[in-house]
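You will see two complexes here that share subunit A, one where it goes with subunit B and one where it goes with subunit C.
Now for the complex of A and B:
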C-alpha cells in the first residue's frame, strides 16, 4: 500500500517533468505522461522515496523557503565576497582545504548541504568521508582552520534549514 | 623560445583566417537559404511529406524521421540490424569467459554519497525525457534512435555510481536485455511485412509501406479519432520509433553493462 502511494506520487512528479519537457498540454498528452510517469516510478520510486511518512506540507514549505533564501540572499552574499576578492589588489587570498564536520544522518540532507556549499562561490566540497562524517572543503578565504569554526561559517546555515526539510 | 612579435603574428593569422572564411561562406552561398532555393530532391521532400493533401504524404511533421522510416524504411531496418549484429558480437566476446567467480562491484570504492544520490535523482528524469523524444519522433526533432541513445545515459550513470550489481538487481540482466533487443528488431520487420500480406491477399502494396500511395490503397492508420481527441500517429512511423527506442536502449545498455563488468574485473580471469 505504502509502495503504491509512493509510486503514484513519484509518477505524477515525473508526469509533470514529461509535460514541461514536451511543452504540449492536451488531454492525450497528459494521459500519456501519467502512464509513462507511473512506469518510470514503478522502477525507481523504491530507491528514491525512502520514508513516505515524512512527507508533509511543512517540509515542502521549508524546502521552498530555503530555495528562495538560498538563491537570493545567500548566493548574493557569497558572490559579493568573491567579487571583493577579484577586484581587490590582493593576488593571493591564501585559500585552504578545511575539514567541515556534519551532524545530519539522512543521505539527502548530507548531499544537499554539500551541493549548497559547492554552489556558493568561494567554497567547493572536494571530498567527503561518510564514516568520519566530514566534508573536505576548499575555502577561498579561510577565517579559521579549526573544524568547529569552519562548520559555523560554512555549513551551519545550510544544515539548519535542510535538516527541517529532510531529517 | 617565444619572441615579442608572437602575439602580433597570432592576431594577424586569426584575423586573416576569419576574413577568408567569411568571404568563402558568402561566395558559396552558405549564409543564405530559403525554401525557394531548395534543390530538387529537398523540395520534393519538404513540399510533399508534411502535406496531407499530397498523394505521397507521410502525414508526419518531422521530415527527417519520415524519410528514415517511410521513404527509406527498408534501409533503416538494415541499419538497425547492423547495430543488432554488433551488439550480438560484443555479447559473444564479453560474456563468454570467466563469468562464474566474478565479484560484481557495488561502486562503493570509487564514488561518494554525493554522486550516488544525485545519480538517483537524475536517472528517472533522463528516462522520462528519452520517452518523450521517442514518442514525438514524428512531430518534433528526435525519434527512436535518438530517444534510445538519450536513455542509455541513465544506465551509464548508474553503472558508474553504483556498479553493475545494481542494474542486475533491478531486472536489467543480459538475457532480458538481449530478448528485448531481439524482439524489438523482429517486430520492426513484422510491421514492415504487413503490407506484403496485404499484397498477397488484396492488391498492390510495398514492403515497409506507411500510408496510402496513388496506386496502393494499403495504409496504416495515421490519424486516429478517440473520444479525447485526435491522435496523429503518422502511420507506422510512431510504431517504428517506439520499437526502435526499446531496441537501441536495450542494446546499448547491454553492451555497456558487459563492458563495465569487464572493467570491474580489471582483466582478471
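Now for the complex of A and C:
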C-alpha cells in the first residue's frame, strides 16, 4: 500500500515534468504522460523514496523557504564577495582546505548540504569522509582554520534549514 | 502593471547573468591555481547560467501570448535552471576530488587538512 502511494506521487510529478517539456495539453498527451510517469516511478521509486511517512506540508514549506532564501540572499552575498576579489587590483587570496564536520545522518541531507556549499562561490567541497563525518572544503578567504569556526561560518546555516526538510 | 514588473525583472536578471559570465571569464585568467579557478567556474554556472534562465522564464510569462506557449517556455526554462543547480556542483566535486587524489596539482593553500589526515592514516585511498 505504502509503495503504491509513493509510486503514484512520484509518477504524477514525472508526468508534470513531461507535460511541461512537451507543451501539448491534449487528452492523449496527458494519458501518455501519466503512463510513462508510472512506469518510471515503478522502476525508481523504491530507490529514491526511502520513507513516505516523512512527507508533510511543513517540510515542503521549509524546503521552499530555504530555496528562496538561498537563491536570493546567500548566493548574492557569496557572489559579491568573490567578484570583489576578482576585480580587486591585487588578486592574491590565501585559500585553505579546511575540515568542516557535519552532524546529519540522512544521505539526502549530506548531499544537499555539500551541493549548497559548492554552489556558493568561495567554497568548494573537495572530498568527504563518511566515517569521520567531515567535508574537506577549499575556502577562498578563510576566516579561521579551526574546525568549529569553519563549521559555523560555512555550513551551519545550510544544515540548520536542511535538517528540517530531510531528517 | 504586473507584466511590466515581470518583464523588467527578467531583463535585469538576464543582463546580470551576462555580466557575471564576463567576470567569471576574467577570474579564470586572474586566478593562478586550479582550485581557485573552480570558484570562478561556480560564478559562471550559477550567476551566468541559473539566473538568466529564471529571467527568461519571467520574460516569457510577461509577454502577450497564448497561455500554453507561456507555460511551455517558462516551464522549460525553470526545469533547465533546476537541472543546472543540481548538476553543476556534482561536476565541481568530481573535478576537485579527482585532481586532489591523483596529485596532479599541488594546491597553493596555507593548510591542507586532507593531506594531514591521510598522513595520519585515517583516510584510506
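Note that in this section the second predicted complex is superposed on the first by the 167 of 167 C-alpha atoms of A that agree within 3 Å, B and C clash if a C-alpha of one lies under 4 Å from a C-alpha of the other, contacts with A are read in each partner's own complex, and residues count from 1 in each chain.
Keep in mind that, in the parts below, a residue touches a chain if its C-beta (ideal position, glycine included) is under 8 Å from a C-beta of that chain, and two chains touch if they have at least 3 such contacts.
Source: prediction; values computed, not measured.
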item	value
Subunit A as common anchor, with subunit B and subunit C clashing or fitting	fit
Subunit B versus subunit C as contact partner of A:79, first or second or both or neither	second
Which of subunit B and subunit C A:18 touches, first, second, both or neither	first
Vertex subunit A; arms to subunit B and subunit C (CA centroids, nearest 10 degrees)	70
First (subunit B), second (subunit C), both or neither touched by A:7	neither
First, second, both or neither for A:34, with subunit B first and subunit C second	neither
First, second, both or neither for A:127, with subunit B first and subunit C second	both
First, second, both or neither for A:165, with subunit B first and subunit C second	neither
Dominant contact partner of subunit A by residue count, subunit C or subunit B	C
Contacts of A:154 with subunit B and subunit C, given as first, second, both or neither	neither
A:49 touches, of subunit B and subunit C: first, second, both or neither?	neither
Contacts of A:104 with subunit B and subunit C, given as first, second, both or neither	neither
Closest Cα approach, subunit C to subunit B, once both complexes are overlaid on chain A (Å)	7
Touching both subunit B and subunit C, residues of subunit A	17, 21, 114-115, 125, 127
Complex contacts: residues of subunit C adjacent to subunit A	20, 23, 26-27, 30-31, 33, 35-36, 38-40, 42-43, 46-47, 50, 68-69, 71-72, 75-76, 79, 85-86, 88-90, 92-93, 96-97, 100-101, 107-114, 117, 122-123
List of subunit A residues in touch with subunit C within their complex	17, 20-21, 23, 25, 71, 75, 79, 82-83, 86-87, 91, 93-99, 114-115, 118-122, 124-127, 129, 132, 136, 138, 140, 142, 145
Residues of subunit A touching subunit B in the complex	10, 14, 17-18, 21-22, 26-28, 31-32, 36-37, 40-41, 43-44, 47-48, 107-108, 110-111, 114-115, 125, 127-128, 130
Interfacial residue positions of subunit B with respect to subunit A in the complex	112-114, 116-118, 120-121, 123-125, 127-129, 131-132, 135-136, 170, 226, 228-229, 231
